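The following pair of complexes shares a single chain, chain A, combined with chain B in the former and chain C in the latter.
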Partner chain A sequence: MNLKNDHYTVFKASKHKKCDFIFLSILLATCVTLTGCGSSETNVVAGNKSGTLYWGNGTEPQSLDPQIATGVPEHHVISAVMEGLVLKDRKTLEPRPGVAKTWDISNDGRVYTFYLRENAKWSNGDAHTAHDYVWSWWRALQTTLGNQYAYMLFPIKNAKRYYDGETSDFSDVGVKAIDNRTLQVTLTNPTPYFLQLLDHYSLFPVHQATIEKFGRADERGTRWSYEGNLVGNGPYKLEEWKINRHITVTKNPYYWDEANVSINSIVFKPVDNAVTEERMFRAGALHVTSSIPADKIAIYQEKSAPELKITPYLGTYFYRLNINTPQLQDKRVRRALGMAIDRKQLVDNITKGGQIPAYTMTPPGTMGYFPESTLNFDPEAAKRLLAEAGYPNGEGFPPIEILYNTNEGHRKIAVALQEMWKNYLNIDIKLLNQEWKVYLATESAGDYQISRGGWIGDYVDPNNFLDMFLCNGGNNRTGWCNEEYDRLILEVAPSQSSHEQRLKIFQQAETILLEDMPIIPVYTYTSIKLLHPSVRNFDDNILNQAMYKDLYLDANL
Partner chain B sequence: MNSSIEENSSSLWKDAWIKLSKNRLALFGLAILCILIITSLLTPLIAPYSYEAQNLELGATSPSIQHWLGTDIFGRDMLTRIMYGGRVSLMVGFIATAVALVIGILWGAVAGFFGGRVDAVMMRIVDMLYALPFMIFIILLMVVFGRNILLLFFAIGAVEWLTMARIVRSQVMALRNQEFVEAANSLGLSQWTIIRRHIIPNTLGPVIVYTTLTIPSVMLLEAFLSFLGLGIQPPQSSWGLLINYGVETMEEFPWLLIFPGIALSLTLFALNFLGDGLRDALDPRASKD
Partner chain C sequence: MYRFALGRILQAIPVLLAVITVTFFLIHSAPGGPFSADKAVPPEVIKALEEQYNLNQPIWQQYVSYLGDVVRGDFGPSFKYSGRTVNELIAAGLPITAELAFYAMIVALVIGLLAGIGAAVRPNTAQDYIPMTAAMIGICMPSFLLGPLLVLVFGINLEWLPVSGWGDIPGDKILPSITLGAGFAAYIARLSRGGMLEVLSQDYIRTARAKGLSETLIILKHALRGGLIPVVAFLGPAFAGLLSGSFVVETIFQIPGLGRFYVQAAFNRDYTLILGMTIFLSTLIIVFNLLSDMLAIWLNPKLRHEIKGAK
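Showing the complex of A and B:
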């Protein structure tokens, strides 16, 4: 899913208070500290007693409709109020039973039969049946809904054909409710990661009666997912949604595993300024933050604070190159740009969070996949390539523009990159920042030259990182198209019988991608957050997903 | 007739200078401003380092012999960055304020002097512009004309004149029925001449004070726009931007906030002292020594 990352807000300048922003931020810090030291107890202390978890969620979710949302903050809320057939183990990410109690997989790995729980219910008490999945996945594949994650369903037989309009009969698609408690799914190819997909929100079930009450099934932005309306099947139900203030979820009494849900309610706070969020954490207003300012990391490390959690994160920070830009059409130029980045300097001195320099799109170690890279840091070779492409010592190279979404962290990286390319290649780079939604629109429209990107794994498989760059893929956005690459990803890799063989095909595809370089990998993410010690069972996994129903709060801390 | 007015007005300025030179604080402000402006003009010649050359390994260091004001997180010399930032900030401050001043004074003076229907129409236009969200206005300008520093200066000026117009209008309303204006009227002076020779000099006091307040607020406005990607872009910088970035790390690297803050405050004080002095000096109602 798209990662906006820790973004910092700007002081709001009203017409008459332009010079107040410095004082405002100081005031804010004081207020937060005061609430922390005041006579009333902090959120964290009170929450530990009452069983309320205060969660720094980064930003305001765009939508809680699982078939429309695409981002990480949305995911945090949706996975509290909804649940898929299968859950993941909080440590190993192995599949574990969710709504489905058990399941069978046919010998050829193509037919999955799920047996749903007798006591599965919606949060309004309605019976939750296999038919809900058939209807939800039908909805997810409606082109009029504009589901950007529709391709997550494409492993299902005929799902892609139905989505592309090649068949209009949904009964062709390989999903069938045999009875109320039995769901049969037929896949085109044995897809080793299919069970993981079921824990992704694009395949979550949605409540048909609620959606139809508030609009058409394929209508975007209806009120069905708002406060008071939303009906889900997760461990929590949506209690309150105050825009830009908080989202509160409370225990769902109809949840099948209700007895094992320990925390009574979770309050998601949309604090999109990392500096403010860190102060709130210090003042005891939050149990968990979504990020931490890069320059604060060293301070926490020095006093080896147990709150600081830096863990591997399955995600890649990269730059998209729009290959329709005249000076970027030559792949030697693109390679030269990729080779003239000193990634080690970047991660050591700018991001400072233990990130790993990335030379491939897929993070190394994904399902035992350790891709080899043809990319390295070699300014001399980069200079030669640029000269071969007709720009000796950068002469005659038209200035090029880097687009990034307004955020302190992204700005720092872009500024460092600007200087590296100036230094090593002698080319002029301009920077352009835009607000998150504008930036996404600009990028999707292909109206940029170089643009920063970040991709966080939805499931643990190299496929998740490589199928973004298929010709005309929804998340490709570079204009790059390579038929051999498409063939490897779409046809050759899925039909391999052994895992090792699949990985070899992915390696071939990755090599094509890196040779052509429509994207420049920069670093592999680490998840960096502050976590209060009273939160237990918050285990680290590379998708940075918490299993809410396993969490509990230790009131002794 | 004309020549006597010339004499009068030239003596106004002469008087003003005499009064101003007796005001130590104002002279101090003037001196500081002159130093800042001259430094800004000479920056490309005297800056100790390049404002864009990075040294990531060095990173943020506190003030030292090599770097008098320390370095930022990219290892760039802060003194150099503040000097270059001053060029942008002072330029935006003066140009945008000048634009606001010219439009605001003329608009307010005309509206206030003629009153009645002219006043109503002109001030309703001001009200309408006030209601127009400032950001949308600037973004529209940027979309139509592209990103350009000079345009940014004018855009800010084109927004800032509204308050100026109101101040001048209220002053003029108070002045226009006074005896000396009626006297000028009865002497047959054209209305334009009356505005120019009598009304505007009498409104200078509040205008100058407001101007000295406008300059720093314009500088911060520029930082805000630049932060949104509408103003100047890295590696260039301005005081407002430096302060804005400094706030983010004020606990770890306080010098990144303190020094640009000092530069901006110094300018602000200097402008205020000078403005105060000028107001006293230019007040035609004040007794002549």
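Showing the complex of A and C:
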């Protein structure tokens, strides 16, 4: 058959009511042909053989400069390519030696001396010394850098004064390199959580020569932390960074503990849509997801799927009460609102992600802190309090408004609270949702009555949750100010000699906070993710933090 | 023709200026800035950041200096992706979005034209009703429904095709292209059917038939050129629409194209990125409209004469 006839045949066929099916058949045939390649081996199967971990990493990281970055996706990548003086135990989160092999703490708890490893090196082979820390922390405290985590260094003597410009001499700041291998850090007060801070990326060392090669040390937006440029000191080195596609890190041959790093490379995939991410997981494209759509949790739970991991998380979901609102100025009203929430019902029927009802701001178990609470679910007592405040059975109570950022989950919770407060207190609540940045501006300006809030701990210590509500705390935003509370947090707690004593002081402060109730704790967060069974040693911990060098992939799964 | 093109290009300048001006002042007046965050950012940090990005200058000054940069083809640094320029982000996303749009266009044209022409050749028969009903469903079905459906069937149940990515695994471009192209295929089917029906009832087609030409020749040689004018007119806006509207498909299939940056930029208040993307996409829309108009003129002798007559 010649070409002309062939064409003619096709066209004739179209005339016989088949034309539209032909293309579909061709398309289907193409699909079938391509399937051979497409489904031969999933990322997970191939990765388990080659030692490559595929990690769902939420959004595209905005920066890998540890002194500029903020956010969880950034943290995941940075902690693969950089390392601090100490690491954390993958289960207990206790400090473990990192770049520092050992350390001494003076009797008064103020002077830390770190002894760095002889074999600590940068990923380009350069020697890694104590001077790197002095320089890096100097950089971290430059205001022009715009480091949002500069306050993590404030426990160090004179760090805050230097940052605030009260002294311009960095040698006043309590960090000294005694020699190449010895770093001495002097603190203002004994700070029991100081070792933990060292594992936060804002205190990671950065490579001076690389940074200076690409710009000024205190300049933002230089290209030192990009593909081909970045020099780190972590178990992995940055291999490839394709925007919105993936970040690949591979084993760093100069890492001091290289022999114990099992996984050869990690591919971080930015997947900001939870539904897509869950589908990718099911199709074997990812070993780990960063989240899971709320309505899928029940499906995995019904099957008792081993992939579903729900772990308590160091974070509290709460509501801020603007105490400048006339009807919220009376603390009895605020307490009544706090007592008329059936948190158990909320977490069982609305959030459904294993969240834990919260009756305190600090999640229980934070550094051995199990706060007692004066708050409970007691609608009758709540009604009495509201009546005492002049609103018997809610009569005469002006309607108030709950502000939340646009999100289905937040809306459901706000609706549930609206109903509970109507049922138990007979008061009217209106709901107002705003887009994220608008909501932030409204809340910061104090232009709200009740507002949804959430706080995820930066380090495991009650201080991180309680110092939010200091009178001039940037995250307070409620208008609440209590001098005794400030004194306990700022003066009494830091001067305690033992951890137990400190916890007692925190308990006193927390009680004040709960009695006055400028915030209503709702639940303690859980981290919810899907984890392929082949990933081993990814233990549950309240920071949902993986210790990459401990992980390994079981090729048999 | 050249004069026509030149005139249109000159018209585009005030249009673009209006787009830049409106976008610039709209985004700067939106509540919340690029550096606001859940955890309070200390005022000294905000000050340092605003200085670095010249946000401490009066708004008019910012506007004028931004216009100057745009004229030089520099969209500035992204506020959110520290160290990246807007030009760089556009350059990273554009080839992918353009490729996706191109494949989607092929899908749309092949399915749309076959269905539309087939329907027009035998109007009011099953060959007309079935594809046209399908086209109606195609127009109505949003890509955020079609995409996950295709993924569910071909990706997860049948395991034939990858569910995400772009150029990572062979075959991962098929589902996104079909998802994005389907809606446009439906439009093209309806447009080509309408265009062909009109042309097929013209006198010159009757003449061709009277001359005894085969139906194939009549359609391919005589009817198509006129019948496809509505489709051609639609192609320009359609391609621009494919480029700028691929956000949903890019999100569903995890494709690192332009659309995702655009939406993230708006949420992040990444002023320079929003502006850069808006200007870039506006320019594309203008260019594609111009191209499709020129193509329509080339195809339609009537229009050509009108332009010549105007001279």
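Worth pointing out:
Convention: the second predicted complex is superposed on the first by the 383 of 557 C-alpha atoms of A that agree within 3 Å, B and C clash if a C-alpha of one lies under 4 Å from a C-alpha of the other, contacts with A are read in each partner's own complex, and residues count from 1 in each chain.
Going forward, a contact is a pair of C-beta atoms (placed from the backbone, for glycine too) under 8 Å apart; a residue touches a chain by one contact, two chains touch by 3 or more.
Values in this document were obtained by computation on a predicted structure and should not be read as measured data.
Of the two partner chains, chain C is the only one that A:N244 touches; chain B does not reach it. Contacts of A:L440 after superposition on the shared chain: chain C is touched, whereas chain B is not.
When the two complexes are overlaid on their common chain A, residue A:T144 makes contact with chain C while staying clear of chain B.
Using the contact criterion defined above for the overlaid structures, shared-chain residue A:M280 touches chain C, although it does not reach chain B. After overlaying the two complexes on the shared chain, residue contacts for A:R220 are found with chain C alone; chain B is out of touch. By the touch criterion defined above, A:K412 reaches chain B but does not reach chain C. Partner contacting the larger number of chain A residues, of chain B and chain C: C.
Touch criterion met: A:N349 reaches chain B, while chain C stays clear of it. When the two structures are aligned on the shared chain, A:A127 is found in touch with neither chain B nor chain C.
Once both structures are placed on chain A, chain A residues 8, 11, 15, 19, 22, 275, 435 are touched by chain B and, in the other complex, by chain C. For chain B in complex with chain A, the touching residues are 52-54, 56-57, 59-60, 73-74, 130, 134, 147, 216-217, 220-221, 224, 227-229, 233-235, 243-245, 247-249, 251-253, 261. The touching residues of chain A, when paired with chain C in their complex, are 8, 11, 14-15, 17, 19-20, 22-24, 27, 30-32, 34-35, 37-39, 59-60, 62-63, 65, 68, 70, 143-148, 150-151, 163-164, 220-223, 225-226, 242-245, 269, 271-273, 275-276, 279-280, 282-283, 285, 435-442, 444, 454, 473-475, 477. If you check the complex, the residues on chain A that touch chain B are 8, 10-11, 13, 15, 18-19, 21-22, 25, 275, 293, 295-296, 298-299, 342, 345-346, 348-350, 406, 408, 411-412, 414-416, 418-419, 422, 430-435.
Across the complex, chain A is touched by residues 30-33, 35-42, 44-45, 47-49, 51-52, 77, 80-84, 89, 92-93, 110-111, 114-115, 117-118, 121-122, 125-127, 130-131, 148, 151, 154-156, 159-166, 169-172, 174, 178, 215-216, 251-254, 256-257, 260-261, 264, 267-269 of chain C.
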